[in-house]
Amino acid sequence: MKHFQTPDPRFADRVRDSFARQTVMEFLGATLTEVGPGRCEIRLPFKPELSQQHGYFHGGVIGTIGDSAGGYAAYTLMPADAGVLTVEYKMNLLAPGDGELLIARGQVLKAGRTLIVSRADVGVVKQGRETPCATLLQTLITMKGKPEVQG
Amino acid sequence: MKHFQTPDPRFADRVRDSFARQTVMEFLGATLTEVGPGRCEIRLPFKPELSQQHGYFHGGVIGTIGDSAGGYAAYTLMPADAGVLTVEYKMNLLAPGDGELLIARGQVLKAGRTLIVSRADVGVVKQGRETPCATLLQTLITMKGKPEVQG
Amino acid sequence: MKHFQTPDPRFADRVRDSFARQTVMEFLGATLTEVGPGRCEIRLPFKPELSQQHGYFHGGVIGTIGDSAGGYAAYTLMPADAGVLTVEYKMNLLAPGDGELLIARGQVLKAGRTLIVSRADVGVVKQGRETPCATLLQTLITMKGKPEVQG
Amino acid sequence: MKHFQTPDPRFADRVRDSFARQTVMEFLGATLTEVGPGRCEIRLPFKPELSQQHGYFHGGVIGTIGDSAGGYAAYTLMPADAGVLTVEYKMNLLAPGDGELLIARGQVLKAGRTLIVSRADVGVVKQGRETPCATLLQTLITMKGKPEVQG
């Protein structure tokens, strides 16, 4: 894994603040479990409300936490006064989301001045054993001068 | 828009049955508003629980209903005894999901024996005016002999 | 198809100049056959040098002219002093590239200040009949103050 | 990197045979430099014919060898009597293709019975130093009973 330097020593607080304001994360039940320069981990325990027609985690839910993990990985490398927006992502589903917990790990692949490219790998844990269930490749944009928290 | 023929005259019931079993759709508040051969429309009214850090629809939520709209568009063209799985999708966000309603319209681009390629366009409606907010390009697989409802 | 306004009335000359300097286009044998605000068409006749293992157009060649068609569609909407770069693209192959001619049609879906999202559809013509063979969804970036031709 | 088992001990010969019949590879000047179970490396020296408007490797050329590297990585894991087709790929360009040599390394992420997901990383070498210039995420399909060489 590549090592990155961030221009903002308070990057972890900034990510936690932004995550706390993504109300969809609380609604789904996701928690931010790790933040480092250029990386971020999000976990989501299963509940029946998150399932598709076979009773597994819905692909869109897998994409939601994968997108957030990759996006916050990118956000750790942005200046203190910037906001982050997802430009696009592509996700391949590798196995059904059959298990009791999803773990999404985002990492930055390339940090440019305006655009950041991230990857996020999502695993599903069943009876304590983790299986890769999705991988995302993502483009994020730095919104300069548009901090996520005003005030 | 291309016109498709479906091998299963009961395709609309089949889609409605499967949608009803995607509990995440009820959890989000989404409804299936239109089904035709090779196309499907899903609507999702805004509620604060679905928002990202700026108070707009979260990108992952937009992806979830886009994925479902494109996936069910594909499912309308599958045989009665088949199930549908998303292989992968790519989504470009075109504008913030700022509004009171999302409308996702899926349509099949190419229906092969095993794989189907769909597009889904998602619009956001604000004060009655719709703006395109995302477009998805998607690959689905026909799971032969694995109907979505057993019994 | 959406209608776009371009800030540069000389956009067509600008696209033709840039295309002429993409030596790979001449090497492949591609020609720029149409340019309008937010759209661009490129054609490529078959020659055995462009084929994959089955004797059809190679997927990478299809991607190359699709990428260029979508990229130049975006470039028509950029200011006179800007350059264009592809950020990313995703291509679905819809049918084998079996025929005597490829036609790639790029069109802009959304033109933002920094980023432009394009779609490109590639058809293959066999004995005078065109079949869709690929579709691309693409993100381009405006390189401000970096014109493509200096001097 | 994951380790894979292949059902065909002659996989390397099979890949080399197929590569030799992709005439576009010889036309571009690409060579197959490494093949292992679930991985493949392709190299392409620069020549002016491969360049875009700034004199760098064209993005489509980068995509072409990336697609082939990921596709042949997948093909190493297929049965002896099968052919391989690219379903779709997504490529993010990470840096300009500015250098004297491209190296594309494909590796399988997930090998299913019908579909294989691969990643390909493309580096550009300038004055002996390699820089990542693109990454691809790809879906391939196994064409059962359709061997690539008949006869």
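Quick notes
Order of writing sets the labels: A, B, C and D. Residues in every chain begin at 1.
Operating definition for what follows: a contact is a pair of C-beta atoms (placed from the backbone, for glycine too) under 8 Å apart; a residue touches a chain by one contact, two chains touch by 3 or more.
Just so it is clear, the model here is predicted, and its values are computed rather than measured.
Greatest Cα centroid separation from subunit A: this falls to C. Two chain pairs, A-B and B-D, are weighed by contacting C-beta pairs, with A-B ahead.
Averaging C-alpha coordinates per chain places the centre of subunit B 29 Å away from that of subunit C. One finds 32 Å separating the Cα centroids of subunit B and subunit D.
Separation between the centroids of subunit A and subunit B, computed from CA atoms only, is 23 Å. Contact of a single residue of subunit C with at least two other chains is seen at positions 87-88, 90, 92, 117, 139. Note for the complex: subunit B touches subunit D at residues 87-88, 90, 114-115, 117, 139, 141. Subunit C contributes residues 90, 92, 94-95, 109-110, 117, 119, 132, 135, 137, 139 to its touches with subunit B in the complex.
For subunit D in complex with subunit C, the residues that touch the partner chain are 18-19, 21-24, 26-27, 48-54, 58-61, 63-65, 67-68, 83, 85-93, 96, 148.
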